[in-house]
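Presented sequentially are two complexes of chain A, the first with chain B as partner and the second with chain C.
And now, the complex of A and B:
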């Protein structure tokens, strides 16, 4: 990152190359880039050559792994995440709490789902049942692995670090709150045949055990039941970590889920098991709700010691006034790399979505800020706008992959 | 509304401790602080000039999992900023905060921890005050929900939290800085600004004592929950100095 950077403020008095200065005095080095002295007439730029609200070059590639149901590689500068989605079958017989009430309740939904294609404006009943199935039965299992030698701080084949664990939790929590994966996509239904004498013969001829192949009206008498669920194991490996692991991991998850194809599965009454079709044409993609895009920011403060000098912390109002007249005291850096993350404590993470596939208004799905007190509503408003433009960019990248 | 109840220094072996009970969410917490202590696994390469803040969250009926790791990280980043880790005796040492969830709903897998976060923050602050750890400021936190028609709901219970369209936890310092924000659900930024105003007024609600020149409350800047924190500490001090007060 240092090689591409401009020389620090006073190169003449310094016999060190910039890369060594960056290691010895990291805070002063970044500060010199962000607030260059007026004499040298340089724009404020980060040590890695980006503007403050500029993200790194992002690329995504879907379907990279052949043995998974869906996979993606997302590269965010030097941070690279590989995500694979593997679907496994969970029989309802194996669910201890699976009750009769749940399956009949689900039957109502089945009819509705047949009659109309699911839309974004889903009703409350569907939402509640989605939540009940996806969250209570744990149908989504994300896991992040950082023990790949991705960065010097992470020892390979060590137990998952606190960072890896909290990232896994954040991914799962975001999958739950956005309700991106529909429970209907994960259900495997069985329509018991109406065993009247004539129909029985016809069934034998056509071998129509397949539920999804369209039901005749005469079969309405027997309710369809859920026989199994697909459980999605979402495994993310960060093969290279240079800051901002959450954005990369989430983008990889998103791209992999968009790529995921589930084979057609049906309950075979004779064998009492689930069969899957191996024809690719019969498999179907997940219909995801929305496209939430995460953007992370870190805050670099000019005064490194501001946090611990008790007496000098000004009131929120005073601080605002101070910022207006005085020189800039903080810089909000989008998509921080490892070097910048090491120099800042305050983090902001904003996940936005846009309604109607990008034409509607911006909806904030998650907004998180911790580790400091310099960012307040004015800054957050700007960051939401930055995240909204990042949404456009990421949508283009994900659509192309 | 019934406010939270708390008591300080309930454990005798820890340097500082606090019990905290929040009636709206039903959480019952016990926090203990040991500071400054020597950390065995501490690497001096990481910021030798400061104290390391370690937070452990222990759920009531299971072992700590990935969710606890996450909430520990949030608490650590908030408390590291508030604890004055460069005061005498603190550099290279550790401030260890242990928070046990004694009662209340169990937090399920993948849950966002928003409902319990204000209680965890208040408990750790009270325990830090009880251990006399130097702090740059105090803070107070609140949990607010926004329902589907855009109304702000204060005092969100755990059951309410499942039905609201967005949930927000905001923490403000005693000098009105926004210390922590965690929002989840679907909302737009204007809604969030309203939530922020509301949360600030909850955290900064002036107490009625501030005009009569009472020294303890004389700042005029005491919030409801910060007033609550002050009252808890005052209660404890009064108890501890009973012998002195009586003798006067």
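And now, the complex of A and C:
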């Protein structure tokens, strides 16, 4: 970095090291890197030595924490996120409106069973129930903690900052919209035993019923009922923050959920509670829907006021057109570090997934852009392509961990 | 009490899973974790500095997993881990100017924060610091205050934050809590915090009298028969999950160069101890000496980590 960096603005006689210049004139420093003068034959490169669409070196490691059902550490350059997933049990007795909502659901299911609709419609209904269970019962509880001393700005004892709250909420909404965790994985079913003979006996005592009617009842077994749900507490500690916390936190969440094992659980009628088996062989992993990967970008503008000037002073439009011919005015930087984040207003976050485990077409799961107006639809299309290639890279990393 | 700044779980609350194998065999299933080390043998410590570049100093500390945990990891059978190994990250921010509102201070103002991750222990921890975490913070502060030369930074503050990713157990998981029980795991955590914080302070190039390191020793009675003749034995760097009952434990923060103890925390009844023949020391003296020896052991690791950090700093400049 040091050798590449002598910016043209600083004459050689003034012995200001590049690191000092970066602090005093951050905008000019980054601009000098991105648009080197044509005289010195250098490619446009970011101050951290990366190309504009290059992500930082990423590594992931799963399953190293003892007291979690699933855990992962993801390092994105100097940003480190640790995610631990803990599963606890929510009894349906503890859900206030359970009996009410359940009866309507049961009706719905019965209606479906009666009409024998084609499969796609029943799939829809199942999805709807999935969504209702996971979202309405709060079965996924992600929380990001930034008060770990990860960066100087955060006071450790303070309540979660606005950034932490916003990140937690973004993770939660992404978990919900991608419907990555299936509600079926989180349900604990109970099949009531068939008490046919006993009932029959009782019937016989009370009144002499004919045996045929009793056996008819016996054959129609009782429907299985949901006795409890697993609740996944997803806690993400950002140990080190050097820009782009969302990508790191989401990658850590994803890796931890892929690592999560839930024990076999059943309803014990004698104790009226849920018991779990501690055998690893009986536990099962979550079957996640898809693999959405987040990629964040920031936009660095050579002259941030240029766009505004065009509105306020109409004459400036021509000048702007002239400038545009000469030199590039904006750079879209992938995976910004802390220094670049401080210099840019406009952010783009794209979450993509690929169908059929990477062989199918790319699906944009989420697209978020805020803070400016320089990124147009063509740029966004390019960014989706960049995100798609990032998906391949991240899939490789996550498969290895 | 709903925390509106965080994502809350179901309003009715959730229950941790109950394993059926625990109920079937009364006091607990599976094999009790056994200490494989000699009484004076310490666990290996992994300590690395400078992993968090945005902080002025940082360190990461990890204890070697016990033999039972290593075996369980290599060949997983049960979902219940036999014991756990300490993992923590420490950051130092500062010295930085005190806020305008703060009163004048001729010395460096030290603040310490210790926080367990929610998934650090067997029981899920809350997001807000509880009293035990605050207590650890106070102990850590006293341990470090004796080592830092605070007069060199008037009107400035130093923030030390420790995040514990995995804590030590207080007892073997199969044991029911009983009268012998105290939070023994906390003492191991404190010893780790002291060593890690000391490395992070050195990494931040803050002047200290010496590297202060933490050590734990305990009097344990491992016999299942409660006969009065067998007095508890002295163990260095005791892992509470590996012992049937801990009678007394002691943690010290120790500076070898000055032979000085900056923090001493002794819990339990140390009146009875079976020491070597001809050893005239009383129980608590032996305990403190043991803890100091453990701290000396940790100091060698600490010195090595600080040397590494310094070499890296010299290489950069």
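Note that the second predicted complex is superposed on the first by the 321 of 401 C-alpha atoms of A that agree within 3 Å, B and C clash if a C-alpha of one lies under 4 Å from a C-alpha of the other, contacts with A are read in each partner's own complex, and residues count from 1 in each chain.
The criterion applied here is as follows: a contact is a pair of C-beta atoms (placed from the backbone, for glycine too) under 8 Å apart; a residue touches a chain by one contact, two chains touch by 3 or more.
Predicted model, so just to flag it, every value in this text is computed and none were measured.
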Given the superposition on chain A, are chain B and chain C in a clash or a fit? fit
In the superposed arrangement, does A:233 touch chain B (first), chain C (second), both or neither? second
First, second, both or neither for A:149, with chain B first and chain C second: second
Of the two partner chains, chain B (first) and chain C (second), which one does A:172 touch, if any: first, second, both, or neither? both
Could you tell me if A:242 is touching chain B, chain C, both of them or neither one (first, second, both, neither)? second
Taking the superposition on A as described, I'd like to know which of chain B and chain C A:138 touches: first, second, both or neither. both
Scan A:94 for contacts with chain B and chain C and give back first, second, both or neither. second
Identify the partner contact of A:395: answer first if only chain B is touched, second if only chain C is, both if each is, neither if none is. neither
Determine, under the contact definition given at the top, whether A:384 touches first (chain B), second (chain C), both, or neither. first
Determine the nearest approach in Å between the Cα atoms of chain B and those of chain C after overlaying the two structures. 5
Residues on chain A touched by both chain B and chain C 138, 165, 168-169, 172
Chain A residues within the chain B interface of the complex: 131, 135-136, 138, 140, 162-163, 165-166, 168-170, 172-173, 175-177, 307-310, 313-317, 319, 345, 347, 353, 361-377, 380-381, 384
Residues on chain C engaged by chain A in the complex (per definition of touch): 5-21, 23, 29, 51-55, 58, 69, 76-81, 84-85, 87, 89-91, 93, 96, 113, 115, 117-122, 124, 127, 129, 159-163, 165-166
Touching chain A in the complex, chain B uses residues 50, 65-67, 69-70, 72-74, 77-78, 80-81, 84-86, 108-112, 134, 136-137, 162, 173, 175-189, 192-193, 196
Please give the residue numbers of chain A that touch chain C in the complex, ascending. 65-68, 71, 78, 80, 82, 84-91, 94-96, 137-139, 141-143, 145, 147-152, 156-157, 159-160, 165, 168-169, 172, 231, 233, 235, 237, 239-242, 261, 263, 265, 268, 273-280, 283, 338
